[in-house]
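Quick one: this structure, given as structure tokens, is what I'll be asking you about.
All chains are identified by letter, namely A, B and C, in their written order; residue positions are counted from 1 within each chain.
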Amino acid sequence: MIEKVLELNNVSVNFGGLKALSDINLEVRRGEILSIIGPNGAGKTTLFNLLTGIYRPTSGTIRYKDTVINKLKPYKRVELGLARTFQNTRLIKNMTVLENVLIAHAKCNKEGMFSAIFRSWATLQRRREAIVQDCVEKLATVGLEHKLDLLAGALPYGEQRLLEIARALVTGCEVLLLDEPAAGMNSVEKAELIQKIKYLSSQYSLEIILIEHDMGLVMDISDRIVVLNYGVKIAEGSPSQIQNDPNVIEAYLGGEVEER
Amino acid sequence: MIKKTAIAAATVLAIVLPIVLQLVNDYLLHVVIMIGIFSILSLSLNVIIGYAGQFALGHAAFYGIGAYAAALLMLHFHLSFWIALPASAAIAGLFGFLLGSPVIRLRGDYLGIVTLGFGEIVRLIFVGWVDLTRGPMGLPGIPAPSLFGFVFSDKLEFYYLILLLLLITYVVIHRLVHSGVGLSLLTVREDETLAQSVGIRPNYYKLLAFTVGGFFAGAAGAFWATYISYVSPDAFRYLDSVNILAMVILGGAASLPGSVLGAIILVVAPEILRYVSDYRMILLGLAIVLMMIFKPSGFWGEQYRKRNFYGNVKKVGNK
Amino acid sequence: MFLQQLTNGLTIGVIYALIALGYTMVYGILKIVNFAHGDIFMIGSFLGLFFMQEFQLPLYLAFILSAAVTAGIGMLIERFAYRPLRLADRIVPLISALGVSTLLVSLAQKLWGTEMHPFPTAFGSRTYTFGSITFSEIQILILLLSILLMLGLHLFVTRTKTGTAMRATSMSLTNAALMGINTNRMISLAFAIGSSLAACAGMMVGIYYNAVYPTMGYMAGINAFTAAVLGGIGNIPGAMLGGVLLGLVETLGGAYISTQYKSVISFSILIIVLLIRPSGILGSKEINKV
């Protein structure tokens, strides 16, 4: 029995007259790494926004572990275990690397007002130390544990994207949505990223959904691939199936099936 | 080492200075008390504007609500100041919550105008609801606080009281903004969509800021009522809101020592510049514009803040 | 009685419309609310008074001069208090505007004192009556002039090259720049036009109520902003519509409900609009791209 963690049934998203996504049927299986690919404007980030609750579906249902989550606000979905990174990194440039991760830690951002004001200093410090350790551990998985006090804005671009991943991880998520994590990386960094993603998937028992344009990376890392074009799913299957799918090749206009 | 000496020195200064001042000129002590009041007001507004990023004008309304509430509780219900104080603060905090609720989904500029309008309406009520507030004539004869039979009568006693209130306010707000709550507030301020995406509920935190801000402003108002023993609508006009805002800005948004600094500057400056009192507001307006152009983060701004949440955690990473 | 109130409401409405246009034009391009706009209205009023009292100028000349000088002041404010801050956090120009507002009010208080000044005009109490409605001379002037000005603006914005360039700039600042439009000049123009309209409104109010005082921009500003939001902020016909509607509602409300809490009525409208339909009557909904 294939266990479906996330399931979309006939989901459509319309903006006024624009159909961003039409009748999408999609599932994410336990433990898999799923890639969403497609030309620009196909609706990939829209799909992410849909999954995380920034957009509401115009029709259809989104199920997370048998619960319909259509109406849940984004912060609620984080509590359930869905976390994401952004295509254009959304870091708080004025905060340190560690702070940027702390804000996503449930125990930190749920620290109560009265706790903060009235609890004994020793208790608070003890709790906070544990939370900080947890954050540092996640930062270590992406290799940023030595840059804790640097302002996020001072990091090179590739590391900023890694920071976003650490931040999503620390929410304690089960489904991790990565929006173009390899953008702006060179081939060395991409190779490292592939290893990191595989490691995260097994170490933390995550499902990972990836939006990517680098086909080499996609083919290497994915268990399955879904192809979108003009808001419609045009293909789905294993990497070798997708590579040979005529619809996919046509959609890319004979383009970029890069060899790694 | 240096820090402990500094704290000791500051404590001695805080205790001894007013006595010295009073010997020189009673009025100087009044100025220091006013610094205390406006420090609390500035700190309370900073939570709303600096930490939550809500451009709220009309803060003087909470100050006024606290003052009138204390006055009415002490005059009509004969409550002691020590009960009226927290009660008034709570009432003002409640109004903060009530004002905040419809307003938090508005964007910066709209929020400013609406809160400004709210401030004006509160003032109009102070002036217009004569049965309750005696309108422009105000409420005189508010009793001074009394402690075990000893009635406050000297400025020195009020000084120690406001000093205590300021310390409490500072410590509470400091602990609050350096906690996870503070980080959440800052995140909401910087990027609401991001906040939502990491599990923070923006509306909750914005409301929290409004409530806390209103609460402490109300406390300052209660003190004002008993100190001057008279409340009238004149102390809570739009210009007073702008004054408090200017203190936050000059000192530095999201900077607690900055708020106190701003209060010191804007209470002392008009006293020193008495001979140019005509130009006071002109200079203030100019100062605000120039600050925004050249030093928007204030004189003791956010860049000096200790790391929120983990600033005091001893073992961070592998250090 | 009702028709009379309608007329009065219309009169105040077109005045609100003129001020609201300033808010909406600046907002349309820069996406900020010019907090100081109400005080520019006040300055225009004082300038008109000044020109008439000190130089014995006739009314029409005072209108023109006041509008011109106020336009200049508006452009100066934009150049020195807003333009340097265009790239800063959104809250920074707002605070700067607040500073400008404080500056303008206190300057006016320094120059002309805090009391109310009467407006010297040759307008007697001549009235014209049609059926149950009575127009005073002043009302006719206000209505005619305002409609003329609004018509002029509409023609300018829709029929001229510069006007179209302005509309383009308000749709997208970056795209307009890419098209070769001098966006800085468009912004200055928006401020100039908005300020001169506000100055005319200021003079009208001064004459109509026979009172000019430094804090008059405060309530008028909030009301005009409400009108702009009601009609759809950023939208020029919206500002005109909103102004007239607000004037009518406020006057009728004041007549049939209570005059004392008139400001509460218009303020409540603002809250309701912002909560229910923030894009206003003629405005379009913004889509948030993440």
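By our rule, a contact is a pair of C-beta atoms (placed from the backbone, for glycine too) under 8 Å apart; a residue touches a chain by one contact, two chains touch by 3 or more.
If you're wondering where the values come from, they're calculated on a predicted model, not measured in any experiment.
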Identifier of the chain whose CA centre is least distant from the whole-structure CA centre: B
From chain C, the most remote chain by mean C-alpha position: A
Centre distance in Å when chain A and chain B are each reduced to the mean of their C-alpha atoms: 42
Geometric centre distance via CA averages, chain C-chain A, whole Å: 48
Centre-to-centre distance between chain C and chain B (centres being mean Cα positions), rounded to whole Å: 34
Residues of chain A engaged with two or more neighbouring chains: 54, 86
Per-residue multi-chain contacts in chain B, two or more chains: 193
For chain C, residues that touch 2 or more chains besides their own: 290
Residue ranges of chain C in contact with chain B within the complex: 32-33, 35, 80-81, 84-85, 88-96, 98-107, 109-110, 218-219, 222, 225, 229, 260-261, 263-264, 267, 270-271, 274-275, 278, 288, 290
Residues of chain A defined as touching chain B within the complex: 52-54, 73-75, 78-79, 83-84, 86, 90, 92, 94-96, 98-99, 102-104, 106-113, 115-117, 124-125, 128-129, 132-133, 136, 145-146, 148-149, 167, 171
Touching residues (chain side chain B, partner chain A) in the complex: 172, 175-176, 179-181, 183-184, 186-187, 190-191, 193-201, 208, 212, 302, 307-310, 312-318
Footprint of chain C on chain B - complex, ascending: 49, 53, 55, 57, 102, 105-106, 108-110, 112-114, 116-117, 120-121, 124, 128, 193, 238-239, 242, 245, 249, 278-282, 284-289, 291-293, 296
